[in-house]
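Per-chain numbering from 1; labels A, B, C, D and E assigned in written order.
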Amino acid sequence: MLYLKDLTIQRGNKIVFSNFNAIIKSGSTTLIKGKNGSGKSTLLRAIAGFTPLERGTIKRDNKDIFKNNEEWVENLIFLDTKNGLSKDLTVAENLNAWLTMKGWSSNKEIIKMALKSVGMEKYAELYISQCSEGLKKRAALSRLYISFINKVDFWILDEPTNELDTTSLVLFKKLVFKFLEQKGTIIIASHDQNIIEKNFYTLDLDELKKQRVS
Amino acid sequence: MLYLKDLTIQRGNKIVFSNFNAIIKSGSTTLIKGKNGSGKSTLLRAIAGFTPLERGTIKRDNKDIFKNNEEWVENLIFLDTKNGLSKDLTVAENLNAWLTMKGWSSNKEIIKMALKSVGMEKYAELYISQCSEGLKKRAALSRLYISFINKVDFWILDEPTNELDTTSLVLFKKLVFKFLEQKGTIIIASHDQNIIEKNFYTLDLDELKKQRVS
Amino acid sequence: MNSVYSNWSNIFIAHVKRDILTNSRSLIDLISIVGFMILIIILFPLGLGPIKEKLNIVSNAVIWVGLILAIIPSLEKLLQKDFENGWLDQIATSPIPLEIIMLSKGISYWLIMLIPLIITSPIFAILLAMDLKNIPWLVISISAGSLAISLIGLSGSALILGARRGNILLPILIIPLMIPILIFGVGVNEAIKINASPYGNLFLLFAFTLIYLVISPFISALLVRIAIGR
Amino acid sequence: MNSVYSNWSNIFIAHVKRDILTNSRSLIDLISIVGFMILIIILFPLGLGPIKEKLNIVSNAVIWVGLILAIIPSLEKLLQKDFENGWLDQIATSPIPLEIIMLSKGISYWLIMLIPLIITSPIFAILLAMDLKNIPWLVISISAGSLAISLIGLSGSALILGARRGNILLPILIIPLMIPILIFGVGVNEAIKINASPYGNLFLLFAFTLIYLVISPFISALLVRIAIGR
Amino acid sequence: MFDWLANPNRFKKITNKLEPSLMAIALLFIIFGLYFSLFDSPKDYQQGDAVRIMYVHVPSAWLASFLYLSLAVSSIFYLVWKHPLADLISISIAPIGTLFSMLTLITGSLWGKPMWGTWWVWDARLTSMLILFFFYLGFILLHNAFERKVDGSKSASVLAIIGIINLPIIKFSVDWWHTLHQPSSILRFDGPSIDNQMLLPLFLMMIGFCLFSLYIIIVNVKTKLIEKKCEAILLKLNIKEFL
């Protein structure tokens, strides 16, 4: 379980959340909805431990994620609209760099399977600068597959499906279900309500804010 | 009518289209579908006159768009995933710069109305660097409104709805319908099939390529 | 369409305005290039030792070399930023010729980066113990060469649009092009030092500026078209 | 978890490898920094005139100043690129400390940009008519100071992450930090010229490098955390 | 001439015939040239044997300049008539030009050490050669700096053309600079009174170097043509998978 308690988060001079509370259930998918600028991305970056809180705590099973940061990020995969891919490396090289960065062993077999899981096996040797938008996104999503090889129990995904075509959308959903099967926890921010079909909760930021006003 | 005749287009060292033919009907919406990397964005950039053709011609009513380029681009609005917004300017300043760049008069009234048409009136003074993804996209989409003030008869839109929330999706559709009413022509590349509900044609790049092979 | 062509100059000014707005939100933006230049200048007394005669000998050259080196880091972004964020694509749908827009880029770069340096150039001269009688000529020669420097910079920055590691490639491409300006620019003051006429060098500086005023917009526009055509 | 910590050095090396891979696909990229440096060197005789004695006096200072100015354009991208494309976010989810990763960045920058300059520094010395007996000391002093230069550059590049007009802000921030290195670096050779012992200056250079080796990774990591926390 | 040669097939046909003999003749000239210059030409009364460097140095210098002109011309052909062969020629010329300008610099330095007592002086001619070297280097670097080959070709061609406008100006300005600050007189080189025995090997070497460059350029272009063909075939295979 992830407990968000009395969060106050500021972006620039703007307080995006004040005294925000929520609980994210383990082993489930939480879909974060809300209108543009409502703070989805901000919340995700805070949960990942990037954005410091003005006030409040984020705890995973009694452990503060900021205080036990290394432990928290180790089993976490974070993906947002910036994909974290180097233009000057190929798809495979990028995945390889990411794997070693995470401290995981990497070999051709693993990379091949990961790329296959998002239908990118043909593009392994393509430079990111030569990829179309959707191909880039898929190159980034291929990291998710690593969860089935190494110990990963949390995904934070910010609009992961925007540029995906229908086939890769299906592949993405397969990854999600597989991850849920092995008791992983997922937080997704998305405008697409149909992204997930089963075992999911919604956190509607607009609703929450409305309640607070009234 | 826009005639694409025998197009061969190369990206990098890859031939993305070879001997591609299509006709885009005036006063309608054409939805370009196709899997990631099938060449949607490439095609749109070629039609906009950016990417030179290896072979073939693109003609609008008998006028080659490359030879009569100034005439063609003057009444065209092109928007893709790079929004063409300067981070260091506010939403309103960006729109203003774009208007004068296009050679159109600009004043507060016009800018206000344009921003209102995508629900951005509250954010006029926000710097682009402080906007969320969806807000940026909407700042770019606000340009479409100008079509109802100045003579614009063609829109080329590459995945315009990716980051939009539900409210602004409705506003976007309103703009589309209004544009179609005044006999405008629209080409949209998108993975979202439900983007447009009436008076539209689909150009499925995957289908076309399949036919050619068989 | 006619109305569009009749207000080219308006559009030109609008482009310059936008560039100035994006690049100089605050006075600090204008000052920072001057600060950089002063720091370059300071490095020399620190390296050479503070002996006034030594400095006086090198002052003229150091200021000119410093000028060229000071603008290099800013050149890479001159077009690259607008290329990456898609603004150049938008510009390509403008009915006015790209050449004119490129000229406006060169001019606004000159206004933002070179004008502050021209205005503060007497400070550099004083820091390097230049003879007082040479200072007016320094200002004049820098003024005369500065536009050519911007325009060469513009072409260089167009040359590397979308190139790999453009930031490190750019200096190699443009420094050779800057050499005549350096030589004629320095020449003005060297002539004054030996009581010769500076007008020959000054004239050459102007001629050079004129050449670039003509060719740079065309070259840059050509290169920008190639870049967005990818 | 244990396995992760036991292979820090592997991860360290992997980071260095990635940086080298992204930044120097080909030998040509390595050549360009050397080319830039030579061009900076060329500017001085062109400005000062070709008189050998004059050049000899300034050669030492010019090489050191040139070195500092030559790396500036490449510094801006050192972290900025990874910041913009989200790689720094990914790095923040690595179980190994950010400080170590920053150190690896500094080291790979040193390998890519400074080592080629150290190797070719005798050429610069010859071009500027430096006395032959001084050249070995030049190479030694540059070697001694180069790592500090990279590490200062790293901190500077972390300082401007996400700043507006960072490219022009960066030099203002780092040049002052480079000044001690310039002074001690030049000092080595000046001591040789007057037949004094160079070891004092050399020792100070090493001391400086050591200090930066300790503090720069911490400062850079702190600044990167602030940047991705925005 | 160029248009006529611009057909790759014709180019290949002609060069196929030309190529072996070209190599042989070039070698012949160079061997004879070397023989005469090393063994059968007089020592200079001032310079001694060092003068023999001249027979490499001067032809290199001359070719470096000439090749840049050819590079610029073929770049113009490429940009204006967009013929891919012109680009192949440019990029084949560039490395040889770089080589010869480097050879000039190196032989000059080697010569300078015994003659002037230093490896390098800032003389106008030397400076312009160094700058020419950087134009070559810039051309090659830019040509390789893009993901897509065509982009590099176009940008580099533009650079070559800027160079053609600028090189005279640079050369002129460097001369101007040179006259302003007269260098000390030891550094000035008064050309040796060239007698026939020196002229002959110089001539032989010059022609040998020319033919040799021509040979290398042709071989280069031909390899590049084959490379291109391979790429085209690969592309076609790719299309199948693609369409």
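One rule holds in what follows: a contact is a pair of C-beta atoms (placed from the backbone, for glycine too) under 8 Å apart; a residue touches a chain by one contact, two chains touch by 3 or more.
Since the structure is predicted, the reported quantities are computational estimates derived from the model, not experimental observations.
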Original post:
So which chain is farthest from subunit B, going by the mean of the CA atoms in each chain?
Top reply: E
Subject >> Most extensive contact between chains (C-beta pair count) >> reply: C-D
Original post:
Centre-to-centre on C-alpha atoms, which chain is most distant from subunit C?
Top reply: A
**OP:** Calculate how many whole Å lie between the centre of subunit B and the centre of subunit E, each centre taken as the average of the chain's C-alpha atoms.
**Re:** 48
Original post:
With chain centres defined as C-alpha means, what is the inter-centre distance between subunit A and subunit C in Å?
Top reply: 45
**OP:** Determine the centre-to-centre distance between subunit A and subunit B, using the mean Cα coordinates as centres, and give it in whole Å.
**Re:** 30
Subject >> Whole-Å gap between the CA centroids of subunit C and subunit E >> reply: 32
Original post:
Of all residues in subunit C, which are in touch with two or more distinct other chains?
Top reply: 23, 25, 164-165, 169, 172, 175-176, 179, 183, 190, 230
Original post:
Mind pulling the subunit E residues that touch 2 or more other chains?
Top reply: 131, 134, 137, 141, 147-148, 174, 177, 180-181
Original post:
Residue numbers in subunit A touching 2 or more other chains?
Top reply: 11, 88, 130
**OP:** Name, in rising order, each residue of subunit C that touches subunit E in their complex.
**Re:** 155, 159-160, 162-166, 169, 172-173, 175-177, 179-180, 183-184, 187, 190-191, 204, 208, 211, 215, 219, 222-223, 226-227, 230
Subject >> Contact footprint of subunit A on subunit E as seen in their complex >> reply: 147, 241
**OP:** Using the touch definition up top, name the residues of subunit A that touch subunit D in the complex.
**Re:** 11, 45, 48-52, 70-71, 73-74, 76-78, 80, 82-89, 93, 97-98, 100-103
Subject >> List of subunit D residues in touch with subunit C within their complex >> reply: 23, 25, 29, 32-33, 35-36, 39-40, 42-44, 46-49, 54, 57-58, 60-62, 64-65, 68-69, 72-74, 76-77, 164-165, 167-172, 175-176, 179, 182-183, 186, 190
Subject >> Interface residues, subunit E side, partner subunit B - complex >> reply: 147-149, 231, 235, 238-240, 242-243
